[in-house]
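Got a structure for you, questions after.
Think of it as A, B, C and D in the order they're written, each chain with its own count starting at 1.
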Amino acid sequence: MILTNTTNYFSQFIAYFSDTIGWGMGGQILAYVLIAIVYLIFFALAGLYLVYLERRVAAFFQLRLGPNRVGPWGLMQTIADALKLLSKEIFGTDRKDKLLYHTAYYLVIVAALISLSVIPFSNGIAAYDINIGVFFISAVSSVGILGLLIGGWGSNNKYGVLGGMRSGLQMISYELSSGLAILTIVLMAGSLQLSEIIHQQQAGWFLWRGHIPALIAFVIFVIAGTAESNRTPFDLPEGEAELGAGYHTEYSGMGFAWFFLAEFINMFIISAVGVTLFLGGWLAPFGITDGLGMPWLWGFIWFFIKVGLMIFLLMWFRWTFPRLRIDQLLTLEWKYLLPIGLVNIILMAVLVYYHLVF
Amino acid sequence: MKNKLSNKFPNIEFAEDLELLTMTIPQEDYLSLMQLLRDEFGFDYLFSMTGMDWGKDLGITNHLENTNTHEMVVVKVLFPDRENPEIETLEKIWKTAHLHEREIFDLFGINFKGHSVMKRIMLTDDWEGHPMRKDWMDETKMIIR
Amino acid sequence: MEQVIYNSADLKSQEYFINMGPQHPAAHGVLRLILTMDGEMVKNIEPDLGYIHRSIEKQCEHEGYKQIIHLTDRLDYLSSHMNNEAVALAIEQAMQIEVPERVKVIRTIMGELTRIASHLLWWGVMGMDVGALTTFMYAFRDREMINDIMEETCGARLTMSYSTPGGVMFDLHPNFVNRVKEFIPHLRSVIPKYDELLTGNIIFQKRMKNVGFLSAQDAISLGASGPVARGSGVSCDRRIIEPYSALSKVDFKEILYQEGDNLARYNVRMKEMYESLHIIEQLIDNIPDDGIQAKTKALIKLPKGEFLQRVETARGDFGVYIVSDGKKNPYRVKFRSPGFSNLNTLMEIGKNQLLGDLIAISATMDFVIPDIDR
Amino acid sequence: MSYFGDIFGGIRSLLTGMKITGGYFFPSIIGRKYTITRQYPEEPAVVAERFKGEVVMWHNENNEHRCTGCQACEIACPNGTIEIIWDRVLNEETGKKVKVIDKHIYHLGMCTMCNLCIQACPTNAIMWSTNFHNATFDRSQLTKVLNHPGSKLMTGVEE
């Protein structure tokens, strides 16, 4: 089955909704708002359940059981935690820069939420399937870094400043590498649109079709992605043994929770982008579920299985490796990942030019 | 060794009945004796510095070890002046004396001349008195049975 | 057009202070270090102690000799048995009590078990300090087995108060020998896994190698002892220099590394666990059976004099210096704690290091704050 | 070349580490094989029989204890955990005044479980209990009276 249609269920929904309700522009906006609410709910649930997953996975890595009291298998634990954080008093230092302090977490979550909107969850299910999707994600996720930076700065805490500076340093460096890794695939796909990239992979995932350079790009992407989502071994911005809590030292209650959720959503985004670019997105491996009907549902299932595996890989990293030092972090980027990535992209270009990729 | 030290420092006193070689030295010869013990006799490891309150005098007891032969000597110095006892710092000979001397300063009130940071280390800066002295009393917090 | 030439010397950075502690995840307690920082670089370290100072030395002046023992548990709670043993040995030496052979063997076995437990905890926390959070639980799993063994015999898991002047508090539990024998092969099988998980890890190696260099001369001058000094090649193991209890009967090596960096200190402790297991193996099979308590008077009075006893705890050279004036209370007790001198070492070698390195160095120093504050 | 050697050696060391954690993870999710934590209230904690939880006084079924009020434990205690309130009461049978305890007060909050009192007790009146549920909401609840109300000295325990 070759999917050629690029129908977007969301745009169909918007057209249908505004037609039935018939308020012209108002109906369209209402439809957008409805979609946004769906995404917000997804954002909250995904964030909370990723926290739950992280705690459970960490527990099993550490010979423990993890949260298993609230609800069946402890599934309600993180919701309870979120409620607790909501009801908590928000206190901070007196001398914080109020504007920056309070803008910071909005920036972080808004950036995460916007990046979420371009990711195709299934065939034709992406809220905002623009033709420069990959580029858009890279650009928007940089805004999130600004949130960490000004959060660290605005809270007027030395640990916060150190954490914020470290995060800025780290993100600027590693975005280069992840960008190059993404570009390697874009060279093959010839498109920046995420749904188009997935459609191209019907003949085989890019990780397989691009063989050596794609594999290298994948490894680079995973490393850079771990760094961008601030997770061990690259958790220097909040490195708890060094900085207490880094940039969110002075945040409490929900302010802290936004940072925390955004971190997990970022992990989700990184994994989703990785899956979309390298592992065929929502496509079934070898098309095994293609004939079973309901392609969008199977798309969802395969997408979330793949993303889950990728997230598990990142968690596995986190619970195994020690943290790098700040200079080693930069050495890794500028002396290893970046040159290799540059050579890799040239290699890929040559391969694509001579049609040596599958 | 005893003879050598006796010749050099006429005022040195050796204790008789103790297991370790123990000597008491007047304050003015303290630094030169310690330097000599380190440089000539190889007692290069300052094991501990103990502040003492002998009731009448304050004192410091230094335990030195030779890291090659693992012999130990004990050097004592007494301060008859309880109000402002003062002595040269050992910081320049053994770096470890830094913290030990600060502790003694804090808890016994013995001042070390030439020490780089002569501040209280255990107690707060506004603490009155030196609690390890025998005559220090806190009526409200100490229960002595 | 005006040309502005920036000179790198004009770009001034400003030094600032950071209070690391008293509540800090890497301080392992209430150690407060006032750091003078320049960017990420630590320029000066100034400790502020006393957050857990209980003036145990002063308390000891008002306690009988038997009653001192339980206070020493609270010094370095991770090597509580060795601390107990040090005081007991000092009192026995002063009173010239000959303790039964069984007591000596039990004390040595217990001491080595405590050392392993302490090193295991250190290993777990070391991993956490450099960011590998999983090591902690793995180490605690094995440490728990030792704690269970301790609990069965001593009735307590951490502050055991097990040695008394002239003997030990309880006889060994009947299960003790079997459980220790089960534990030895278990630990021997898991330490290589630990090595694979953390020691061999490239990130860990890069964090540890050539960081926090301490030369042998400095180690001596700074009063370093225990694994910190042995990592710099200074032979200072009291168990070999002056074998106490049953240590003279066993054969073991002193682990010495010449490098003096973090990795050397790390390796010393990892290898010491094997040596401790080796010591226990030699003693566990034939524990003599001649009583657990030498005859002592109910009220111990030390003869007039000064007594010094040094033992090797998990952290280094622990000294008990008792000045007695012949009464039932000591006139003055000084606990020379290894952590106190090792803190001085940290102050010296932590300068001009990155903040992350300072954490790693202080992790290899293995501080227990009550031991520093006393 | 050491540049690439570094990379491959590094990746190999990282994979070895992941093998160890993965080796614990996968058996743990399937059979909880390596799980070491205990689900506390459901699975009760196993405490060794010698565990020093708190000091208790043994009473028999007639509400009699063995404490003669000799105060050996009070003297042996390093930090004043034990206080005994006693009195001399005329014994009708022998016509002598005998020491009788009124209250054997035990401050659990101060106790360091050093075992000296129990070692000192000549009549084995006090002993360890393995109870470790010692947390209370109020510090005053940590002060306990060990002898039960209305209890008296067991006959046959001479002073």
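Methods note: a contact is a pair of C-beta atoms (placed from the backbone, for glycine too) under 8 Å apart; a residue touches a chain by one contact, two chains touch by 3 or more.
On a predicted model such as this, the values are computed, not experimentally measured, just so you know.
Colleague: What's the overlap between the neighbours of chain A and those of chain D?
Modeller: C
Colleague: So which chain is the furthest away from chain A, centre to centre on CA atoms?
Modeller: Checked the centroid distances; the maximum from chain A is B.
Colleague: Identify the chain whose mean C-alpha position lies nearest to the mean of all protein C-alpha atoms shown.
Modeller: Closest chain centre to the overall C-alpha centroid: C.
Colleague: What's the distance between the Cα centroids of chain C and chain D, rounded to whole Å?
Modeller: Their C-alpha centroids are separated by 26 Å.
Colleague: Measuring from the mean C-alpha position of chain A to the mean C-alpha position of chain C, what distance in angstrom results?
Modeller: Each chain reduced to its C-alpha mean, chain A and chain C end up 44 Å apart.
Colleague: I'd like to verify one number: the distance from the centre of chain B to the centre of chain D, where each centre is the average of its C-alpha atoms, in whole angstrom.
Modeller: Their C-alpha centroids are separated by 42 Å.
Colleague: Scan chain B for residues touching two or more other chains and write them down.
Modeller: Only 145 qualify.
Colleague: Among the residues of chain A, which ones contact at least 2 other chains?
Modeller: Those would be 61, 63-64, 319-321.
Colleague: Using the touch rule from the top of the page, what residues of chain C touch 2 or more other chains?
Modeller: Residues 134, 137-138, 141, 197-198, 201, 203 of chain C touch two or more partner chains.
Colleague: Would you please name all pairs of chains that touch?
Modeller: Result of the pairwise touch check is A-C, A-D, B-C, C-D.
Colleague: Can you list the residues on chain D that touch chain A in the complex?
Modeller: Those residues of chain D that touch chain A are 7, 14, 17-18, 20-22, 24-25, 28-29, 32, 34-37, 39.
Colleague: Within their complex, state which residues of chain C touch chain D.
Modeller: 63-64, 66-67, 69-71, 73-74, 134, 137-138, 141, 144, 148, 151-156, 159, 161, 169-170, 173, 193, 196-198, 200-203, 205, 298
Colleague: If we count contacts the way the header does, which residues on chain D are in touch with chain C in the complex?
Modeller: Residues of chain D touching chain C: 9-10, 13-14, 16-17, 19-21, 24, 36, 47-52, 76-78, 112-116, 119-120, 128.
Colleague: Mind listing the chain C positions that touch chain B in their complex?
Modeller: For chain C paired with chain B, touching residues are 46-50, 53, 55, 57-58, 62, 218, 220-224, 234-236, 241-242, 305-308, 310, 317, 319, 321, 323, 332, 334, 336, 340-341, 343-344, 347-348, 373.
Colleague: In the complex, go through chain B and note every residue touching chain C.
Modeller: Those residues of chain B that touch chain C are 17-20, 22, 44-48, 50, 52-53, 61, 63, 67, 70, 72, 74, 94-96, 98-100, 103, 117, 121-124, 131-132, 144-145.
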